[in-house]
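Next come two complexes built around chain A: one with chain B, the other with chain C.
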Partner chain A sequence: MSAVAVALRTRRRLRGRAAVGAAILVILVLVALLAPVLAPHDPNAIDPSRVLAGPDASHPFGSDALGRDVLSRVLFAYRVSLGVAVGSVLVAMAVGIPLGLLAGYHGGWVDSLLMRPVDLLLALPALLLALSLIAIIGPGSGVALFAIAVIYLPILARVVRGSVLGVKGEAYVIGARARGVSRTGCMLRHVLPNSLGPAVVQASVLMGFAIQIEAALSFLGLGAQPPTPSLGLMLADGYQVLQQAPWADIYPGLAIAITVLAFTLIGDGLRDHFDPRGVSR
Partner chain B sequence: MSTRTRYIAERVLLAIPTLLAMTVFVFLLIRLVPGDPVQTMLGFRATPQNVATIRHQLHLDEPLLTQYIDWMKGLVHGDLGRDYVSHAPLSELLGNALPVTLELTFLSMGLALVIGVPMGVMAAARPGTARRLTDGFVILGVSIPDFWLGTLLVLLFAATLVWLPPSGYTPFTADPVGNLRYMALPVLTLAIGEAAYIARTTRGAMDQALGAPFVTFLRAKGLAERSIVFRHALRNASVPIVTVAGIQFGVLLGGAIVIETLFGLPGVGRLTVTAINQRNYTVVQGAVLVIATLFIIVNLVTDLLYGWLDPRIDAGAER
Partner chain C sequence: MSALLALRDVSVDYGPVSAVRDVSLEVSEGEIFGLVGESGCGKTTLALAVMGLLPRSAQVQGGIDFQGEDVLALPEAARRRLRGDRISMVFQDPEAALDPAFAVGEQVAETIRAHRPVSGREARRRATQLLTEVGIPAAERRYGDPPHRLSGGMQQRVVIATALANEPALLVADEPTTALDVTIQAQILALIRDLRDRHRTTVILIAHDLGVVAQLCDRAGVLYAGQLVEVAAVERIFDAPEHPYTKALLAALPTRTHGRGSLPVAGGRVPDLADPPPGCRFAPRCPVRMDACERVPALTSREAGHVTACWHVEAEAAA
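So, the complex of A and B:
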């Protein structure tokens, strides 16, 4: 098979992947929204008679070390995780996109002034930056959201700045300026909409990783605090009873993996759509 | 001065302000804590006298700039300060923890390259089953959180098969075999996730290289496919592979924080987490400083390797 044929087939498969990812994500969001309806039990109800009890008809995912229903806890924890993930990326976009747009469009000293501090955030490994912020502010779900947003801000700002640099030289932008559209109008009406593609791809991939980071922080005891049901906390508790009750650990982990998978599939498909030549892969 | 020398000098000079800015951040870390950091740090031991002593020892009662200069002077002499819980010098604590983290990250990256590069090459050179398998491996490797993968590996290799210990540590110098047995699961955990990224990058870069005109020319010349793939295309694809391996090293350093905690390895990552939970700010400061410095050095080395591998830099072409 020629390289071109392989590339074309891969491309079709990737489009299909994005659809699969989107379908999984829709189901996951519905599950998160409907958690109170879907959960068969109270997620925090302690039942001494069911300590580490295995899965059965009324508790399909079994029970944890305090006899709490793992399925109900996964459903409620999932809401927290998804909320933190989506929230952090939205905050990072709200700050990062304008920064990247202004820096890329104006260039010169505006660029240096805005991007130098942003770049410094990239001088620390992401998780270490999050931990440092938590060390300063103290642990919690809100702090985790903020910390993840700070990690993502420079990435999104960089991506937007990069595509703005390309778009601002396009003929239609120069044409709009020649037609008498103001600099700001040009930036908002022509440059911004045409520069968002790569940022959207990046955001979808980052959302998947945000779920992982949130879980990692909570797993370390630095994210969501008990009694908030959190996937990371469930994994930390489940690890203690791994041999006696593997279900207390496997299901929350599976929930994270499926979510990241959905976002990865969507990101792959979108990247292919915005970047058909695969330059950035 | 040749273009290459200028490139190297430029990269090294650029790393200096980054390092300085990082030290400012780490220095401010303890001073940005809301309320009184010394009070928080000492907890129930915070008698007015203790607080005053520690504040004086940390020079928190002096002007900010003087504090920073003194702290930097200490750093230059290898004096990172003292842990106010165990009273041990930080250089000693970090000196013991750093080799563990370095062993974990370098072994993981090595294993990830050993798994990922051949997978990517196979996927690009032999479309079909190899490509589909690599694609599946990449998607799973990227999606599964490393600490959960670690848990699954513990469940399989430590709890069910009882081949390897679930957690613990022995120094390599004391017992090399024991050390590697303890390291096996954490290294495998980190390597699988990394291998997925390396495989994806290798496949993409090899796809491009194998489609390039120089490969068509080599084929027309009648060169063996094996030689084209490994000698020519892979050399051409090595630039993005090295770049991604360098970028991923930072992710590995982050991953090590969680994995060390999971597997009970006494590295810098676990030291950081324990210190944050105990609000032991001086230790947090030292550990963050060490990991961040390592990260900046690795980034610099990646940049330099990139310059060495990409001959266009020598010719002075635009990157």
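So, the complex of A and C:
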């Protein structure tokens, strides 16, 4: 019931920028899902006659250094990029939210025990952390997902812990205890739902950054491996031929920019709604 | 009438701050007992001590006997079983006391399910019935509404419904009408009285508004700076107050016969509870202060059922 109420309120407030962001994202997700239908060509088909060929009617985005269709590759690359971005944030939430909730709600030694290792993760530079993970496990988009999740885990855990600290002192939490609800019941039913707002805001912004990190890792050859189409890989390849065939670099770059823009717009809108005081900022 | 709740020398300290000092009183079954005093005098602290909801930083001493059992000696799990079942509480600000992300009916049903092994459907049925009983129209439709869709008066009715969900023996109402406007206040007070009459629920009503106490309570106790200074039937508190603080409090009430100009106020301010006066805490502001006031006066009685903690009153009675 409460979820419905929240959804109703959310719909009412999701106007303006957030609505634009949400619309873009819906289109992007559809594009990613329907890539096999929408793509005019096989993304991995090499056409020697079209090496670095410019855009035309059947290849609107032109072709790359191997004569592969850039539009088809961008469409398929979206699947990988969005998958890694959404997946990494979901994994980080699945671990970070319970950690932050337990640490914030119980405080004291539980807080120290749970948050000190998390702080340790936060102390390492994000990309360095990802690089060392990949050095240990080996490259691949699954590993990139995991590495980004590890980068995000402390951020989300801290945001949730912060809002739990505020919420647990609210009168309605004391009220619930006065009605005989157990500490665990209070934590799960009253503290958690009221603490999620800032984390949701943060998650949407982090998804935008995840697209960038995934692209950066792939650009460095540490994410998705060829021939898997990935926006970062395409940037890396296109970079070599930027002067002769700018379309091989521009379109994947635009794709990244639009996705990041969509997540950022949604994040801003959600922030206005869930977190007017700016806990997650 | 037997004592449902008996406080024996209850003191609550927050570190160096002495919020409540040696309060002893008995509340009988079926009565509405008013607890009066200005802000910060320990009313809410006392209520939370009875509920067992004080923060961990608070040290509680003394004994709180509820239905003959010292609840302070009970483990937390047993105290949780008491809360919301045999003892329940209504809070000052209903908007803050209801979870904004939770349907109002669910909050009532949750209280039932915390104590009774009933199915979700049965809890919902009882919750709807309770909402109807506290005067919420179309309770079935209101059940799923989040609190912000309800007015303040309706929110307080929901809070009262949660408090009554398991037919408690004792209801602690902490300023239940302070956040509401006057007409709604009268309705809520009538509701509380009605509930007492029908279910024989004992009520401790905490108020800083003496008018509310006069309307509703059978007996009242006056707290000043954490000390209980006077307990008597409400009529006697108003007609024959003994303690100088009670008199000052009553003198500060506007009356119909009072002309223009400012109301009389007691001079001075409430003492710093981190460094309270050693004896009677009202002594520094008291118009009839004497040397004995350096020591804490005991609650003594001159009329049956009327006790006062004041050296001056004792001296006058002896003379």
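The definition used in the following text is that the second predicted complex is superposed on the first by the 261 of 281 C-alpha atoms of A that agree within 3 Å, B and C clash if a C-alpha of one lies under 4 Å from a C-alpha of the other, contacts with A are read in each partner's own complex, and residues count from 1 in each chain.
The working rule: a residue touches a chain if its C-beta (ideal position, glycine included) is under 8 Å from a C-beta of that chain, and two chains touch if they have at least 3 such contacts.
Keep in mind that what you see is a predicted model, and the values were worked out from it rather than measured.
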Partner chain(s) touched by A:175 [first = chain B, second = chain C, both, neither]: second
Partner touching more residues of chain A, whether chain B or chain C: B
Partner chain in contact with A:136 - chain B first, chain C second, else both or neither: first
First (chain B), second (chain C), both or neither touched by A:124: first
Chain B versus chain C as contact partner of A:185, first or second or both or neither: second
Touched partner set for A:193, first chain B, second chain C, both or neither: second
Footprint overlap on chain A, where chain B in one structure and chain C in the other make contact: 1, 4, 6
Contact set on chain C toward chain A in their complex: 51, 53, 80-85, 88-89, 91, 93, 96-103, 106-107, 110-111, 114-115, 144-146, 159, 162-163, 165-166
Touching residues on chain A, where the partner in the complex is chain B: 1, 3-4, 6-7, 10, 120, 123-128, 131-132, 134-137, 208, 212, 215-216, 219-222, 235, 238-239, 242-243, 246, 249-250, 253, 256-258, 260-261, 264-265, 278, 281
Of all residues in chain B, those that touch chain A in their complex: 18, 21-22, 25-26, 29, 32-34, 127, 131, 139-140, 142-145, 147-148, 151-152, 154-155, 159, 200, 204, 207-208, 210-211, 250-251, 253-255, 257-258, 261-262, 272-273, 275-277, 281, 284, 288, 291-292, 295-296
Contacting residues of chain A [partner chain C, same complex]: 1-2, 4-6, 170-182, 185, 189-190, 193-194
